[in-house]
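Heads up, the next two complexes both have chain A, just with different partners, chain B and then chain C.
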Partner chain A sequence: MLIRPETMGDTWRPRPDGPAKVTGSLPYLTDLVFPNMLIGKVLRSAYPHAELESIDTDEAKRLPGVHAILTHEDVPRMNRFGIVMPDQPVFCEDRVRFVGDAICAVAADTAEIATQALRLVKVVYRPLPVVTNPEAALTEDAPRLHPNGNVLHRAGYRRGKAQDAMADCSVIVEETYETPRQMHAYLETEGGVVVPEEDGSITVYMGTQHGYRDRQQLARILAMPEHAIRIVSSPMGGSFGGKDELNVQPYAALLALATGRPVKIHQTRAESVRSALKRHPMQIHMRTGADANGHILAHQVSIVADTGAYATLGPAVLDFAVEHATGPYRIPNLEIEGVSVFTNNGVSGEFRGFGGNQVTFAVEGQVERLAAKLGIDPWEMRRRNLRHAEDLGPLGQRIAPTDGAAQVLEAIRRSPVWPAQTGAAGPVGVGSGADVGSGSGATGEGLPLGLPWKRRGVGMALAMHGSGLGFGRPDPAGGRLSLMPNGKVEVAFGFEEVGQGLLAVIEQLATSELGCAPEDLCIRIGDTAVVPVSGSTTASRATNVVYQAIRRMKPSWQAEMVAAAARLTGLPAERLRLGPGGVWDSERMGADRPVLSYRSLAQQRSQHLPTAEAHFSFPTTPDAVTGGHYLYTFGAVVAQVEVDLLTGSIEVRRLDQAIAAGPVIHPMGYAGQIEGGGSMALGFTLMEDVPMTEGFYEVGNFDSYLIPTIADVPRTVDVDAIEQLLPGDPFGPRGVGEIGTVAVAPAIAAAVHNACGYVAHRLPISPKEIVQSWGDGTAGIGHL
Partner chain B sequence: MRAFSDWQTNKPHDERVHDNEQVTTSNKHQVHDNVTKRYAKGREAMKPAVFQYVRPNNLQEALSALRDNADAKLLAGGQSLIPLMNFRLSRPTTLVDISQLKELATISVSEGTVHIGGLVRHQQLHEDEQIREVLPVLSKAAGEVGHWAIRNRGTLGGSLSHADPAAELPAAMVALHATLLLESADSAREVPAEEFFLGFLTTDLQDGEMITSVKIPVPAPNAKYGFAEFARRPGDFALAGAYVELSGEGGTDAVTWFGVSGGPERRELSIAKETSDRAEQFKELAEEFDPVEDPAYRKHLAVVVAEQAYQQARKGQA
Partner chain C sequence: MTTENPLGNSPYVWRPHTVEEAWAIKQRFGEDACYVAGGTLLQLQWEGGAGKPRHLISLEGIQTLTQIRKSADEEGLVLDIGALCKLGTCKAHPLVVRNWPLLAAACGAVGSPAVRNRATLGGNVANGHGDTLTALLALDGELLWFDENSRTSITTAPVHSMVVSADMDEDIGQSADMDEDIGQSADMNGDSFGRSADTAGPPSPSRLLMGVRLRRESNAAMSGLRHISIFRKLGRRAAFVPSLVTVAASCVQRMDENAGSGQKNTVHATQIDHVRLVVGAIDFAPRRLTAAERLLEGAVPSPDLWHRLHANIMADLNPPDHAFASADYRRLTAANVLVAQLAEACSGFVKEGIQC
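And now, the complex of A and B:
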């Protein structure tokens, strides 16, 4: 069903944190100020690859207003961090591997003094040859960036005999796709405050996507027990995966412990660009063959990911890319291999879509190319190859039954901009419109406004996207309900509000499942002092965990609450129901208030207040396939573009998405995720890239890193939510934080192709190349 | 309901206020030194370096303040200066705030000349009925400056004195034969726009001078103008832009480009009627430019915007 305010009833309401966010009144963690607070700054490497000969901080230490300068010698225990394999130095000892590597950190009275102090630090480097791309990194004489060489991770999957099956194919298409180093570009750069407490513990007020894991990593670095570290990690001004790994927490913590004073670090945009994660640039080679009827018989894939200097989640991102390189298609013969390679190019890591966006651009490009070669309508081409409800997962693993792929494909036909008919009159735009000003209607939409240098086209793409961390990775989940002494129902989850709308989801699920009103709730998240372990706020998993946890807690919660109310009111428990404001008598539901308010219940009971907890694991496949998922969401995108052949600019006029992710919990948030995800992916497709030269970023801020503005995104975006789940899938709503970003690039690329015949294999699509594809580019001027 | 954990209400908040909001209108020259005081107290500093702030009551006071304070800068719309100061690329000792000098924000047409005050905002220029009537091309170009919020604050004098090579209005002045009136406390002079812009962010404006107004001759009845530009995103600085002047019988046509070099580039020529000849003319002229990034694409765009501007001029659209 299309998500529209008028069809959503009373579930169409703003998120609880919305007004404070849009009016700017919400304090973020980087806004906090404490008495006696110092300002911290981190000195980053001057070179992308060098040996460190010496670090002299003596002069800097003498600068008035400087309270501490720390180097690797001051790290109490483990001078490393990293979610999966801690290989990134907190402070470099003898070698730097990228321009964001930390050398030392200072705490001073003001940011100016801290900056001045860092200028006085004398670092002697001996520059080493820079490994500028994965290809160079894999050569035999390349400098070895880590003890085990330059390969971080290899992954692959095979089924059947792809090479042999190519011989049976009528058509084979072969292409190398390249994707950009996208920046997360969250509005709030990394930062916050670390406060040393009187009892020797510390409180870390810094955004992250998994407070408990930050605590674990910090405990290792600081040589402190985990219970002596409290992480307050919410709310955040955006993360998109970019703040899941530690960033400046260790520096602020070390400085706070060294000085005994609160220390704030808040990175400037330039510091953020330099030190923070980016999306993995990937080079994806695909060779795909189909028979004359369009059935794909064989698919060979080779993925090379530039993971940068350190591991972070590079291995998991590559596993995910390998898993999703087939798209939602049944392909009998597969040969997929991937390698994630260390270079001196920043650090690549987690980013909304998690490797799926890159391979989906490639595999959907292959499907388009095959369809064009065979003269088959692109929609029909996909229908013929689509996975079936009972099919195994892409890695041959058992998964929850799903017909999401078929559902979203069918939804494409409901889009007002997708030509309803299939076949010859459909948007098979191969080479169409190759003649500027031909005036023919050969393109998907023909010529708008009588401007022959502008061409419209339509394209589509599909995506399949796993949720949860996958097989073989600890994926704990849980939540807690408690009646507080003041009568509020505390709903606690170990998650963070990163901008995704989690509070609205919790509010909606708690009220609809537990009967209470929004005002009855006290939602607690993002603070290890008060929340249970729920796992990470990543991988489109939080919404599902909240749903499952509340459903699991509901029976015992209701029983305990009702039993308590029965004792206090003398009414039989069978007659009592939880409702807004308190416990209601089901035989007097017309009453104007509950028989016992939650407040009275809490006050009269005073001890042993009702509570319920859930502890479980996120659903995984029973088959031992590393990283293999069990729950998948599906997305289909229809893009309509207008290409200006004279300037090469591309206007995206429509970006409709159909999403199969189970029931919609908070419609406004759901639509927001899909529209916002679409905009972010539009940037990935048309403008975003952080180029590097010899290991140095060529971008330092948003003046030269273009992200879409409101003027660049389509005025109309339809979000079509497919909510039905098949029998055998009791898992309820999935998160939609990522799926809206995955299939946008190939849909826009297909639309551009449909409009003007330009075939994109590299993102972002270059206006310059579109112009060049039209000869010297001035041929069309006569038609202005 | 309480959406977040209780730290948010129990812990002290950042008490910063916007410094500009503390500035009150005064009847005399007044130096607001609260910035300096707060800095000394060790609170979080502002982005720009410390400066004195003066708000004159009239033009003469403004010019005197400019003369009397070494390294003083005029603050009008602040759309170029404030970012430069925030990056500390500009560190004026004194800001002379002329934003309230309404006498500099007027537009009038008399005796065949359009007079535009230096403090006229871009949006005002864009919307002004007289400008729409006599100089529609200028109205159109002003509407392409940045985004609405920028146009609401940015001023003509500010844009001309900043002289960004990709800005619309400096090139408009050259294309429209404008003359700038530059006043200081002790003198005044007039400079043709074509002589005013000296290169990348460089002009003939001297210490102590202010662009108080520009005058533009009302175009001859048979003269026609066109304007076009191309930017990657709406509101961005143009990768290339052009004004075309078709002067009618017997006159000389001209193209004035911007965004392709260090400043406005005016070229007089007799623009060909045949499309292919015209494309060749524009290409030949564009070859002279040497844009730093993507030179081939940018020169191509120079040709495209010139042609688009020509088409508009011919149709009398702007």
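And now, the complex of A and C:
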């Protein structure tokens, strides 16, 4: 089903928070102002790797307008944070490991005074050799960044005998792929306000992707009980994984407690670039062999991830990359190993796609190369190797049966630009020696503008993407449904609205499942004082949790509501049902109002208002495979590009995606996730990277770190949502927050090759390499 | 903290209503003062860590600088565009679009729509490496200056004088000079409106850019000729991007419509004249490629000519390395784009207009 406004009927409606967001009237947490509020700033390390000899804050403390300056000596309990293993110092004691490491923090009357105070702090460093890349970090004589050395995590998977099976292969392709250090580039930089309350507790108004986990981490740092910390974490101006880990919460909290006053920290973009997480750059070596019929027999993979200075979710990202390194394919012989390595290059961590984007670029590149060598159409090559509905998961674990791979493969053929639709010969595939001068990449479209230096091409790619945190990781889920005294139906989840459209999903599911109208609802999220535990707002899990929770709560809550209404109205319960505005008499549905409004019900009942809660775990594989997933979504992408041979610049003209993720809940939000994810991945493919030199960032702002603008994204993007699940599938809609980003890069890379013969193995794709891939770089004037 | 300024670190903002007033304030505070028009470049520089001046002299209230004035003499059309004219206005102005599409294209290539609603032509010209400067150089534009000597009148100077001294013109490859040029640009602290007209030197407090003058020959003079112009800005994305390479070219070509197949809109490849080829970028001031211009001047297009032009530019152009584009890539793309697009434009299939 193509998602188009005209085919969506009543469900095509704006999200509840949409108008306030696009008009700019919605206040974010970083907009909050409290009486007596101070401004906090954090001093970050001047070096990427150094011993700290001394920190002298005396002069800074004497600056008028300064109210507190804190260092590691002021941290009440654990001077560390980190979701998986708390190894990142809140404040560094004796050593810094990246340029975002915090030395001290100041609270002052104004941002200017706070900045001035930080200038007055005297820090004596003794610079140490900088570990600039993971390969160097793994050598014997590399400086050890952590007590256990420079290996954060190793992961791997084997099946069959890959090395031996290579001997049976007709063709083998071998390539090393490199992916960039992408920045999340959320519009709202990290920040908010921490307010000390009269009872000794604190309220933290700062975005995160898991309020309860922030509370747990902060409790350890502040030596406070968790119940004394309230986290208000919605709405947020974007996160994409980047605000999943703690960022400035500890500093604002410590300063608020030290001064007894509200403290606001809102990082500038430059501060954000310096301190915040990035996507793991990965170097992925693959050796893949197939028989003469195109059946892949063996696949050897080696992944090296640059995880930067601290762990955060680095281990899980690597596990995910290992799991997804085979794509949606049946490969009998596998040998996958990965290592995540500490360096002094910032901190890499959680980012939409979670390691999948990197390995999908690589494995899809391998499939293209094999297809080309064998002379098999790239679509057909994929079909021959595609997983089946009942197959085990990529790590040999049991998964929820799914036909998603075949569904998206079939659907993406219908893209109007795919050769099957244009009647042109199929793309020739990578490495076939396509000659740029021959125009072989034009796929029947010729030279659209009559400009002899332009070439068009199309390419495709597939992706498989697990949702939820994976086996072995606590993945609690839940929600609460209750009638409030004012007659509103409260739907509460411990999730955050990060821009993904969560409120629309909750509204849509609650109204369709419960029968009430959007106006009847009071949606509560993002505030630990009032929401239940739902787990993290990550890993494409929230939509599924909302669906499952409402389905679980609905029977008992509805029954309780109806029973209460029956007692109050004297009508038999069987005749009553919930509807817009209240409880309706099913024999008088034509009436102009319910027999009992929710408000009346709440007022007359007054006590013990109907409430239901759900507590469960996100669906997990029963097999003890660490990190292994159970629910998977699938995506297929067709990209059409136009390459300018004069400059090597690439215009993506079309980016169609077919997605198999179960029923669509909110079509506008669904399409938004896939289109937006596609644009973000387009940036990853064509322009985004944070280069580093000796541990220092080469970019500091969006004037040099470039993300796509509206002029860079295709005007036409078809989103084909495949809603059919296998019969009996009880899990409902899967999330689509990530899948739209995963297969874009390899599809664009294949299209570029198809257009001009250039084979990309590194992202972002280099226009220079495209131009220079024909000797003297003058292919664009070859016609003269 | 210093407490002299009751506004803390915020600069004083002066809002003069006349050029003379603005000029006088600048004389009074010298290096402590900086003209500001749209403020978009200053903002970028401040964000990048540059210090703010003590005094900002806002030119926004000087109405005369916002005007676009057309006049005509026997030689043709003359257009004076006020320095305070917004880039967005300039880009869409009918006279500019019709007669100087190259400048319209350059204005449209700067920043984003929001930036172009604030940023001014004067600011983009006076910063020394703006895209419009590249275009104006190819159009033989003139700059209108208010200076110490003229006080009440205006001095005109060729755009050429803005970017380079005569002896450097021949050699864009003097990288040492260019580095210095860049350094000075960075030190300008946005004081672009007062930049010296004579060299790419430090800001001169004695000059204020009033506007830009463009001329176009009369219809009679252009009889049998057609204008060809090329503008292309290459960055790391499609829009709102610093230039890695900007090229602008302008020439006239004799039309010989009687010869050949006689197809409508088809003219034969004939002699080209008045050739201007310019290359600029975010980090180097635009330069005319005079050797390449001489090669084309009076020549009749042919494959051989275009290949010689390519070789000439490759030998002559020596841009600096940039963090996101090597010197050889910039050289190659400049040569490729100029040659391919000029060849296309001169081949007779494009009657008149601009290729971007």
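Here is the rule we go by: the second predicted complex is superposed on the first by the 757 of 784 C-alpha atoms of A that agree within 3 Å, B and C clash if a C-alpha of one lies under 4 Å from a C-alpha of the other, contacts with A are read in each partner's own complex, and residues count from 1 in each chain.
The working rule: contacts are C-beta pairs under 8 Å (C-beta built on N, C-alpha and C of every residue); 3 or more make two chains touch, one makes a residue touch a chain.
Since this is a predicted model, take the numbers as computed values, not measurements.
Partners chain B and chain C clash in the overlay (superposition on chain A).
When the shared chain is aligned, chain B and chain C each come close enough to touch A:112.
Touch criterion met: A:709 reaches chain B and chain C at once. In the superposed model, A:512 lies in contact with neither chain B nor chain C. Of the two partner chains, neither chain B nor chain C is touched by A:586.
Applying the stated contact rule after C-alpha superposition, one finds that A:451 touches chain C and leaves chain B untouched. In the superposition on chain A, contact of A:617 is made with neither chain B nor chain C. In the superposition on chain A, contact of A:724 is made with neither chain B nor chain C. Of the two partner chains, chain C is the only one that A:691 touches; chain B does not reach it. Once both structures are placed on chain A, chain A residues 110, 112, 646-649, 687, 706, 708-709, 711-712, 767-768, 771, 777-778, 781, 784 are touched by chain B and, in the other complex, by chain C.
Of all residues in chain A, only 16-17, 20, 27, 31-35, 109-112, 205, 232, 234-235, 488, 497, 503, 507, 518-527, 530, 646-649, 687, 706, 708-709, 711-712, 767-768, 771, 776-778, 781-782, 784 touch chain B in the complex they form. Touching chain A in their complex are the following residues of chain C: 1, 8-9, 44, 47-48, 112, 234, 236-242, 303, 306-307, 310, 323-326, 329, 332-333, 336-337, 339-340, 343-344, 349.
Looking at the complex, you find that chain A touches chain C at residues 63-64, 110, 112-113, 116, 269-270, 450-453, 645-649, 651, 686-687, 691, 698, 700-701, 703-704, 706, 708-712, 767-768, 771-772, 777-778, 780-781, 784. Contact residues of chain B toward chain A in the complex are 1-5, 7-8, 11-15, 42, 44-45, 230, 232-236, 275-276, 278-279, 283, 294, 296-297, 300-301, 303-304, 307-308, 311.
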